[in-house]
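What follows is subunit A paired twice: with subunit B in the first complex and subunit C in the second.
So, the complex of A and B:
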């Protein structure tokens, strides 16, 4: 068992099941080890505010983000570079996110005894 | 200890290479595999950037079967070393961990 797990959620929402898979993996892993969730690349689209997938008839993954603190995941990390590359200002995002730099992610990747999962 | 990063998508169809390059540390290794080997071509628009970043540090690699399959084997950047699967395994033994970008 690793000491910690780092999950990259790298895909846009509503186009594939991968964002839900990432969230499920975080919820499951957090029962065992310290788990961190980083939204990166197109994954940053998952944390835009005011999303309403009602007319798509699909499950709203973002509704599940509220459960994360109950599982001990208190920080939702979002990659600043990915936001900038997509022209997304932090004011367009959900409340309570923690923007991180490439340097911050580099440090996270360097953590010893850590498993990295990418969705 | 250094990490080995693998990238299997080609720029500009995917931003995985750009993301990896931004995040990887100065002593980390990068292995291009599958469609990622297109970035190793000397004619690729990103080739100047890769040559500047990796110079003669010996930290950039591309997987030979993938280069050959895609017709890139004869056009590889000077800073990029071609390795086979045995070489890939050897790289893995030299690093703390492998991080796959896909």
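So, the complex of A and C:
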């Protein structure tokens, strides 16, 4: 039985239901084992500051990120390569995120006893 | 090996569900164990008995039902995703006073915990997404 779960959230917010469903999976997983959340590819758009999805009449998924530490999810990681490819400076991100390199992510993937879920 | 398969894609619109089904059959044909197929996000549409594709196109609900019956595979549909998209078993249809239920045979509705349980108990968990 794995000791941890690594969740990749790879889709842009607002236009897809997957970010919300990824967050739901992270919260459920955290009830079982140590869980890490990594924002990659277009998923990095989820963690830009100063978004207001209420203008769309849709739910603000990012508002749920603040609850993650209370569920024991302390590692909210964001892929630096994905940020750079999209011209996003780290100063534009929400608080509480840890930028990581592609190499850091490779190391995480190589951890024994870990299962990976991708959304 | 013990496999779990996760399906995020709906029938017809994306190849994900068809690929997941082919992969599931290959897993079983190779003698591995398929512990569970978990339908999440738009994958829940695979479980709708209301879908009526043309005769010359894949009937994904029928395909999955047949797979479950033949190989005793658990097909689990996430309740939160299902309710959002209008996939209801008899219990949920009654609870929400809907005119009909549409969960295809062989499928069951359950919680997201079943996805995490699959992730923690399978040797490999493979996700098929659009």
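A few notes on this one:
Rule of thumb we're sticking to: the second predicted complex is superposed on the first by the 118 of 119 C-alpha atoms of A that agree within 3 Å, B and C clash if a C-alpha of one lies under 4 Å from a C-alpha of the other, contacts with A are read in each partner's own complex, and residues count from 1 in each chain.
Everything below uses one rule, namely that contacts are C-beta pairs under 8 Å (C-beta built on N, C-alpha and C of every residue); 3 or more make two chains touch, one makes a residue touch a chain.
Since this is a predicted model, take the numbers as computed values, not measurements.
Once subunit A is used to superpose the two complexes, subunit B occupies space next to subunit C without a clash. When the two complexes are overlaid on their common chain A, residue A:34 makes contact with neither subunit B nor subunit C.
By the touch criterion stated above, A:2 is placed in contact with subunit C alone, subunit B being left untouched.
Within the superposed three-chain model, A:106 lies in touch with subunit B and out of touch with subunit C [touch as defined at top]. Using the contact criterion defined above for the overlaid structures, shared-chain residue A:17 touches subunit C, although it does not reach subunit B. In the superposition on chain A, A:118 contacts both subunit B and subunit C.
Of the two partner chains placed around the shared chain by superposition, subunit C is the only one that A:25 touches, whereas subunit B remains out of contact.
Contacts of A:51 after superposition: neither subunit B nor subunit C is touched. Superposition on the common chain A brings subunit B within a closest Cα-Cα distance of 6 Å of subunit C.
116, 118 are the residues of subunit A that lie in the contact sets of both subunit B and subunit C, per the superposition on chain A. By the touch criterion given at the top, residues 1-2, 5, 17-18, 21, 24-25, 28-29, 31-33, 115-119 of subunit A touch subunit C in their complex. The touching residues of subunit B, counted against subunit A in their complex, run 3, 15-16, 18-19, 22-25, 96-97, 99-102.
Across the complex, subunit C meets subunit A through its residues 6, 8, 40-42, 80-81, 84, 111-113, 115-117, 119-122, 125, 127, 129. Residues 40-41, 79, 81-82, 85, 102, 105-106, 109-110, 112, 114, 116, 118 of subunit A are the ones touching subunit B in the complex.
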